[in-house]
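Working notes, structure below.
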Amino acid sequence: MNHTGTSLKENLLSYFDDILVEISDEHRLTISCKKDSVITILSSLNRNGYNHLALISCVDWIKDNELELVYIISAYTEDSEKGKMNILVKTKIAREKPELLTVMSIYENAEPYERELHELYGINFKGHPRLIPLLLEREYEIPPFRKDFDTRKYVQDVFDKIPFVEDKKGRK
Amino acid sequence: MRELELYFGPQHLGMVGNFSITLNVEGDRIVKATANPGFLHRGFEKLMEQRTWIQNFPLVCRINVVEPDHMELIYAMAVEKLAGIEVPERAQFIRSIYLELARVGSHLFGLWAYANMLGFDTVANWAMYHRDLVLDLFEEITGGRVYHIYIWPGGVRRDFPKGFKDKIINTLHTIGSCVPDYDDTFFNNRIFYKRSKDIGKITHEEAKRMGAVGQVLRATGMKQDIRKIEPYAAYDQVDWEIPVRTGGDAYSRIWVVRDEMIESVRMILKLLDKMPEGEVYNKIPNPFKWNIPDNEAYVRCESSRGELGLYLVSNGENKPYRAHFRTPSYNHGLTILEKALENESIADVGNIMISLYITAPEIDR
Amino acid sequence: MDRNKLGKWLQSPGKMGQKYSLHALYFCTGCGIIEIPPTITARWDAERFGVIPVATPRQANLFLITGYVSVKTLRPIIRSYEQMPEPKFTVGFGSCPINGGMYWDSYNTIKHLDKYIPIDGWIAGCMPRPEAVFVAVTHLWTLIDKGMADGYKKYREDYHYYRENQEKILGKLEWPPLFSSKKM
Amino acid sequence: MVMNTILEIIIIILLAAIIGLFFLGLSRKIMARIHWRYGPPIAQPVIDIIKLFNQTSMSHGKLFNFGIIFSLSGSVVVLLFLPLGEMCPLSSSGGLLVILYCMLIAPLGLALSGGEAANPITSIGISRKFLLAFGYELPLLLILLTVMTHFNTISIVDIVNMQLQTGWSFQHLPLLLSGIAYILILPAILDLRPFELIQAPQEISSGPMIEYGGKFLALATIQHAFNVFISLSLFTNLFLGGAENPGYFFLKMLIVFIILLFVNAVTPRFRIEQAIKFLWRWPALLAFAGLIIVSVTG
């Protein structure tokens, strides 16, 4: 196991007590934490030089009735060991009325990611300056990326119900 | 002076892809720019959850039409990691060569877009012609001009045909012999320098803060390349350099693209020399009954636009549970573009946008 | 190709002009746009046949719909189409506008584009090669010759139906109807 | 005599349209060949115009229609004052000053009509057009002053006749300077790169033309063809000694135009402030130097 990962793990465990750190793979570190401590963990990582937010993703665990947010962090560095590390910070929030604080104060480029997740998963990021639609034109009852949104049914209900113009003329 | 709202795109000759920017202008100066993506949103990641692991290959390559090959690679890498499949060494070399060819093609496309933007039709035509030569190579290996579906979990679909090595070398020499012409007419052109110098300038600190990767970061003076940091395929088998510039403006970015193209060509020639013999793919399980164990993976590679990542989750079924692509254009197009356009002139909107190397389908997915 | 026959020019200058001066609206609606630069540049050179890209819909008379159409793109497509002067021709490029193609179950792409605007011809395939554009253009010439490329006339006649379909997807459209409908 | 003049007027307008459109077609063909392409037939602009007249066209108001006709007629007026070989219907009654005055009418007309279209892009295009005109009018004025001072006349016919006796103006040093200055500003007048700023399809989607379609675009194209003819023939008349017969005259224009096309092929376009900086620096300096030499020695 590489040195950077283990030292980072020890370092993190000494600061935070309610987190779970595992080195899942070579150069991949997974931190699971409560939703309130995301900001503190991310800012401490940022101070430690892990200053590149690669991705904010979300997984809909419909069976557990939870949404899992994944922040993937790496470092802008020319140090090869540190550069290889990718840290996945995970937190789980309830599916009904999901709310979370924005991390824009720590990583400026989180803005479009949070806007996208707000649109596709319906997560409300508190403190985000413009949670306006990013990608979609139509409004959907269930945010479309949630697991209970059935695209095939939606296509049948919306797009397939629109008649061809020739058919319409024939009927009249 | 009166503030005017101006729409740049989606129907616009200077626009690469289906993308739109709303500009608030005062006279010729842009006060505020708002990127307006989503014209190409197809919900890929949702569609991937409804298709089996193998069925997703035709889907992922359509995410970015300019360089479908890196999309194939990243998905293949993630599946390999989740399912624990090894890739034979010859396949690694073939992948590298193939990806570098794709990078050359993509950069030539970028050169077309940039030259076209500046009204430099001649160079644009040349670049597109040379890209077609690269596409001819792809057509010979894979049968497709744009979408290839060549990289496969466990290797590549088939070996190079006979005499293909010479064809690659011939094509690269044809393109390489025109580099002096390109330099004379375009890269050393005084007007090109005047048009792009200090345009869309991003400092090193800003670039880091706003998540820049790829050329945008390398043009600010940082040697960051996933191919060096976390080598995949056969990139650790040969020596190569990361081209860097320090200006941080459109001029530096376009020069980085040019240098990278030349470096890629050199790399292909070195890889061709070192290529071992052997198998090109390992057997994968029956794709119709292929369940991948409960796991997750984050893999990344260096596409021709920067760091490309894929977060893939499996829950033990025959379909991915969740896939999320981290595409380089995302932050370039939504965060950096808005910043870079401020206080610039209207004439430079397309100039800055193309020099940031944005492709719209990558943003929307 | 009867471009050089003077007799035909004198007989029906309008038709011949439309045939050999197809100005295509440059609108990247989808991934099909990747094959348009090769088509108009050195390798294939569509300008031989009088096909050039133009920047604004007012100057265009050929609308190449390059690839899938998302719901958000449908709005500018309709606007651009309505701004083009008549006679105007539309060609759907790629499988996706025909019936959704590989995005048949996507929640955000339009299946069957001809429900919303009239289409004169289709080019199937994903991706169609640049040669396919030329096949389409030559085919369009025959259609113009025979007077069968009459999508714009259909649009005028059945505007009411088209508008109804458009509003079902996009909600209330913010611009007034192009033609006052007779069959309201 | 009157019949003769009317006939000449008709011939010169037709000839200017044909030659101008031929130049536009030729420019597309030559550019295509430099791009490694086959290129369209030379008659392509004519085909385009035939098509455009057979299209429906959208008008944006009375001023929109009037502006384009105004601009076209401005160009026609300039044409009548230009001697073309032996043919010079009205050139005895006017001179360079009239031409200089009338040449401003064409952009004014376009501006009028574009203003009616109320598209923000149009206003950007028109402001560029005027800025560029502002950029090349100064050197043009200096050049014409130099020529007028050197030959001591404002009549182009006299200038051409004098050149027939003393040789081309290019052979005299002060006029050589202003000739070079004229060549430098010609691309700006003809909307060729590096000064192709007015249409700039990739930047402001063909600028003032954005709302033109159908017959309005056709008229604008014809106006552009006239413009090509006027500026090239003015150059030929002033510096290349005019010509006795139209064929020779045409050949001289062609050579100048092809040189301009070669420059067009290997340059990108300037930004507007760079263009004006360039126009006010080199052509204006050269023309000014020429003027000083002429006034000191002459």
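Letters A, B, C and D mark the chains as written, and numbering starts fresh at 1 in each.
We take it that a residue touches a chain if its C-beta (ideal position, glycine included) is under 8 Å from a C-beta of that chain, and two chains touch if they have at least 3 such contacts.
Being a predicted model, the structure only gives us computed values, none of them experimental.
Under the contact definition, subunit A and subunit B share the contacting chains C. Among the chains, the centre nearest to the mean of all shown protein C-alpha atoms is found for B. More inter-chain C-beta contacts link the pair C-D than the other of C-D and A-C.
Using the average of C-alpha coordinates as each chain's centre, D ends up farthest from subunit A.
Inter-chain spacing, taken between the CA centroids of subunit C and subunit D, is 36 Å. Averaged Cα coordinates give subunit A a centre that lies 39 Å from the centre of subunit C.
With centres set at the average Cα position, the gap from subunit B to subunit C is 30 Å.
Put simply, the C-alpha centre of subunit B and that of subunit D have 44 angstrom between them.
Shown for subunit C are the residues in touch with two or more other chains, namely 41-42, 55, 70, 72, 105-108. Multi-chain contact residues of subunit B (touching two or more other chains): 12-13, 38, 41, 43, 46-47, 50, 125-126, 129, 364. Looking at subunit D, one finds that residues 35-37, 201-202, 205 touch two or more other chains. Chain contacts in this assembly follow no simple pattern; the graph is neither a line, a ring, a star nor complete.
Pairwise, the chains that make contact are A-B, A-C, B-C, B-D, C-D. Subunit D contributes residues 28, 32, 35-41, 44, 47-48, 50-58, 201-202, 205-206, 209-214, 217 to its touches with subunit C in the complex. Put simply, subunit D touches subunit B in their complex at residues 31, 34-37, 120-121, 124, 193-194, 196, 200-205, 265-272, 274. Contact residues on subunit C toward subunit B in their complex (touch as defined above): 25-31, 33-35, 37-38, 41-43, 53, 55, 57, 68, 70, 72-73, 76, 80, 102-103, 105-109, 126-127, 129. Within the complex formed with subunit D, the subunit B residues making contact are 4-6, 12-14, 28, 115-122, 125-126, 129, 185, 189, 191-192, 194-195, 345-350. Within the complex formed with subunit C, the residues of subunit B that make contact are 10-13, 15-18, 38-43, 46-47, 50, 58-59, 62, 65-66, 109, 112, 124-126, 128-129, 131-132, 135, 145-147, 360-361, 364.
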